[in-house]
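Here come two complexes built around chain A, the first alongside chain B, the second alongside chain C.
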Partner chain A sequence: MSSDKFLHKDGLLKLKDNKLIIIIGAIYFVAVPLFCRNSPYFLSVIINYSILSCISLGVWLTFSIGRINIGQAAFVGIGGYTTAILITKLGMSFWISFLLSGVIAAFFSLLLGFVLLRLKGIYFSMITLTLTASINLVFLNTDFITQGANGIMNIPRPGAVNIGNFTIIPSFRTENYYILFYYLVSIILLVCFICIWRLYNSRIGWIFRALRQNETLAQSIGINIIKYRIMAYTICGFLGGIGGSLFVVYIQNIFPDSFKVVDSINYMLYCFLGGLDYIFGPILGSFLLTICFELLRTIQKYQNLIYAIIIICLMLWLPNGIMSIKLPKKIKLLLNKK
Partner chain B sequence: MSFLEVRNLTKHFGGLTAVNNLNFDVNEREILGLIGPNGAGKSTVFNLITSYYKPSKGTIMFNGKNIINLKTHRIAQLGIVRTFQKTSVFMDMSVSQNINLAHSLRCKTSDWEKLIFKHKVQKEEQEIVKSTDEIIESIGLSTYKNEQAKNLPHGLLRLLEIGIAMSVKPKLLLLDEPFTGMNPNETNKVIELVKNIHQKKGYTIILVEHNMPVVMGISDRIIVLNFGNKIAEGKPAEILKNQNVIEAYIGKDTE
Partner chain C sequence: MVNQIIINGMILGSTYALIALGLTLVFGIMKIINFAHGQMYMLGTFTTYYVYSIFGYNFLVALLCSIFVLAVIGAIFERYLYRRVLGFAKREEVAMLLSVGTALLIEDSALIFFGEKRKGVKPVLEGVYHIFNTYIPAQRIFIFLIAISAIVIFLVLMQKTKTGRALRALAQDKEVTCLMGVNVKKVSMLGFAIAAGLAGVTGAVLALEYPIYAGSGTAISIKAFTMLMIGGAGVIPGAIIGGFILGMLESIGYGVFGGSETYLLIYASVIVFLSFRPHGIMGKPWG
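Let's turn to the complex of A and B:
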């Protein structure tokens, strides 16, 4: 249940109070690299789900203002192409391109948001559905920048970041780039989670809840609903952009249809599966579905079928996602119910 | 120049004229009753004042400023807040969360400051919590402070609605049928609340209501609408005797 205090200071994760965080942190940053350093397969699964989580966090944010956003893959694509072009054509370092990808994707979602967010409910969702497909076509047809159907390939991995004689971030162009990627995306995921968590627990987060529940009332008590809608959508775009950027340097190529409509739908599914009421939902959802997908690889033929059945079962029996299973109170406080 | 001046206010919905050339003033600190049969255009007037609809013609001057082109949230910022005919609260939040959220308009800290959780924000949040408790106290819902709004009975939700409107610190409060669906006990509670906030907080109130005894009892002045036209204006006692008003509600003698 929601807590008494409106803006509870103790919700701000005091490390000493929560052994769970330390355990998860230890597993994540020590145990996994230690045991998996020789099996790139496991690391790649985790890298994959981490990037998907960042992207799905963005979609989750638009859910939190009451909108069903089926267009996130468009911004992942924008972010991906931005990084690819900046690195290959302008020779920029990944680290700057990464941030620029987020900013440029956010900029486009700001522009589009002004127009699209005027639509309500299902009409908004329909338009976002076409957004992904449209962007794919844009990428295909602007060959002078994006190289069209040929895509951009052989994108170099991130280089080192040196200040003076000190190497702050080692180069990814070595043998053990998997471990480095693992740490990179895990840290980025952590930062994204903390930022969204803080946002959602601030007064702005409560305004988002108001938008979801009763927009007319929110308007009548002076909340500028257009501003906050666009804010949520822009942050969503930013998260999509940086996700795209990470994918592109990980997979080292990008094509116009690298991020399609089915990907947009997947990002939504991760949110649904994990639980729309919890910020941790999309992370848990993408983790479980990614693991599931990989485990089913052995039954290649039936993979999609079983995947679909699992999702249907979850929709039938756990419509509020996995996080809605009754958890002991302490864990709930940590994982922060909506 | 009065507090609120409505001049030649007209609203057409296609062929239907909901409000026709309406002219009236609202004086500061009065309670103005707005009555009329169903379909007279009373809620439409509220929607026009708060910019949910744009008028086909006419102006609305609030403290000398024409507000018809402003957006709804801007009008709330200027001090005009309304409640709704259909109970409108944030259902999935508790009473205190509802009231606390309604304080958002009057926050002096900017969005950026809120995100970084600066010290200023924490101080302001503490003040808001205090103000929330005061308002919950004054609407009489202290025992239901942490109750989810969806679990509350209708009568208490109406009180909560008024509490939400109070949190925005309005100058002009538009109450749209606050007494609908209430038993006599609940009605008295709301009457007390309205009188209380009128006297203590000095709000100006426009009250749309069908409950005649209540409206006649509370209002300083009354305006009667019928089919979008103003058919009478004056003190409650005069209105009761007005022939046009009686015709509008009950009908004309056919003999």
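Let's turn to the complex of A and C:
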């Protein structure tokens, strides 16, 4: 891999004078609310893919240290159940549970990371796959907390956040909660994206790149590989946790197998489709595949089959993701890219 | 009771070892994990169902058909999908996602063509034997014998024949094998076909005991991965050991605990075991 690529990889997303950012920002925060205010379907598609993007950003981070992580659904489940239990059994507000789910999921990924990250390559992939399956079984068998196979249902939507008499965040328990959810997840996605972008372009990000290329070599020049790979895995767990928390208040229920192996594989797929070398990759990938899945909804019976065929075709013809396609010169000039 | 658990474990372990062997063979020669192995097993069960139950042929004919069909499918996958992808993909994970895609493809096609209802086949042999104070259905002994013979045939194939030597060489070092004059393309295709054939045997054999439905692939895939993790990936004795150990653990678990806690405990112990020995019992370091 030439280092040249790493330097210009996210050139498309440089925050200064780039028309693409303004266009996307305008669409997101002005156009969509304006036109889609009364169509919950479109908003729900966007909400869906936004939460999936947050989760996939976590998986992307583990890809960036060279590990294939098929265990993200476990942490999404942990985050989801944490929120569900805190809201229904302890009566906490969503906003605190949201942060706590992220923290608790990060805590578990920290503990598990010590053991799991010793494995490399396919062993790591296999053990994370097993982790997903085991966490489903854990939720199924711990009846006293998680209500087992019955799941937790009728989880109330987030309430308002008031300081004194002033409402900062309006209550979600009203009629038009879709637009509120839309703003919430979009802002959270934006924050996550900026944080990951900042992280990856900092010194720690370069250490992650070093870990990906050759862990032993990185260790030999003095990098504490254990600390950094656990750091990456913990952040991945945190993102999974907050994603699970968002899903739970959006769908308003959770069951032991709400997040299973096929979901883990999907998160991985979104990263792949978008392009593993680009931070924007998982967001683009989840966007495209969610849209694609919705469009296929009309052919209900063949939906999954065509989805599988699309995956295979992508691997055959576009193995490095969509963002690896080089734009023709005219479009590059239009977007002001250097 | 203990005898019963042990006998059940041995029989289960022999069939599991077959699955693990197929997966380890593919991993050894192509360095990818075949996610679709469970789905291939599922196709084996359906082939057996159709040839044995619907068309009414002898079970052994169904077994051979199942091996043949799976081997053809395996060869096609290798020739047209994997060979292309392994040739030019920059990252090795692409092949793994391709195997995920093929798994989804097989599972969803099966759902569409065969429907969602669970099916079963008539038993081949009736009667129960009473040996060593345990009850063993005659059919289980039949399954055990077929599984053991398949394992023995496979081992003989790998040790004594030219193809087997070529496969083992390919697993050790691909470039040097090319230099030795082996037609790597043909051998890879054969290897994948043999692995798929093993999945077919397991499918045929377990179709007698367990329900046949399109979703049975995923659970088998996860079990196969667990066996590989226990025994070590890419190593043939490791696969057999892993298969038998998982069979015994499952049998003990169901005998003592029962229900869904069994696999939870198995997974937890595997994770603990891997923290001490990350590469499995006989695995080589990988990564």
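The criterion applied here is as follows: the second predicted complex is superposed on the first by the 310 of 338 C-alpha atoms of A that agree within 3 Å, B and C clash if a C-alpha of one lies under 4 Å from a C-alpha of the other, contacts with A are read in each partner's own complex, and residues count from 1 in each chain.
Simple rule for what comes next: a residue touches a chain if its C-beta (ideal position, glycine included) is under 8 Å from a C-beta of that chain, and two chains touch if they have at least 3 such contacts.
Note that the structure is a prediction, hence the values are computed from the model and not measured.
S.K.: Regarding the shared-chain residue A:Tyr123, is it in contact with chain B (first), chain C (second), both, or neither?
M.R.: second
S.K.: If you count the residues of chain A that each partner touches, which comes out higher, chain B or chain C?
M.R.: C
S.K.: In the overlay, answer first, second, both or neither for which of chain B and chain C A:Arg203 touches.
M.R.: first
S.K.: May I ask you to decide whether A:Leu190 touches chain B, chain C, both, or neither, giving the answer as first, second, both or neither?
M.R.: Touch partners of A:Leu190: none, neither chain B nor chain C.
S.K.: Under the stated touch criterion, which partner chain does A:Ile225 make contact with: chain B (first), chain C (second), both, or neither?
M.R.: A:Ile225: touches chain B, not chain C.
S.K.: Is A:Val32 contacted by the first partner chain B, the second partner chain C, both or neither?
M.R.: neither
S.K.: A:Val138 in the overlay: touching chain B, chain C, both, or neither? Say first, second, both or neither.
M.R.: second
S.K.: Under the stated contact criterion, what part of chain A meets chain C in this complex?
M.R.: 63, 68, 115-116, 118-127, 129-131, 133-134, 137-138, 140-141, 261-262, 265, 268-269, 272, 276, 301-302, 304-305, 307-309, 311-312, 314-316, 319-320
S.K.: Taking the complex as given, what residues does chain B use to touch chain A?
M.R.: The contact residues of chain B facing chain A are 50, 52, 71-73, 76-77, 81-82, 84, 88-94, 96-97, 100-102, 104-105, 107, 111, 114-115, 117, 121-122, 125, 128-129, 132, 146, 164-165, 167-168.
S.K.: With touch defined as at the start, can you tell me which chain A residues reach chain B in the complex?
M.R.: Of all residues in chain A, those touching chain B are 2, 4-7, 9, 198-199, 202-204, 206-207, 209-210, 213-214, 216-217, 219-225, 231.
S.K.: Which residues of chain C touch chain A once you look at their complex with the stated criterion?
M.R.: Checking each residue of chain C against chain A gives 27, 32-33, 81, 84-85, 88-91, 93-98, 100-102, 104-105, 107-109, 111-112, 218, 222, 225-226, 228-229, 233, 260-261, 263-264, 267-268, 270-272, 274-275, 278-280, 283, 285-287.
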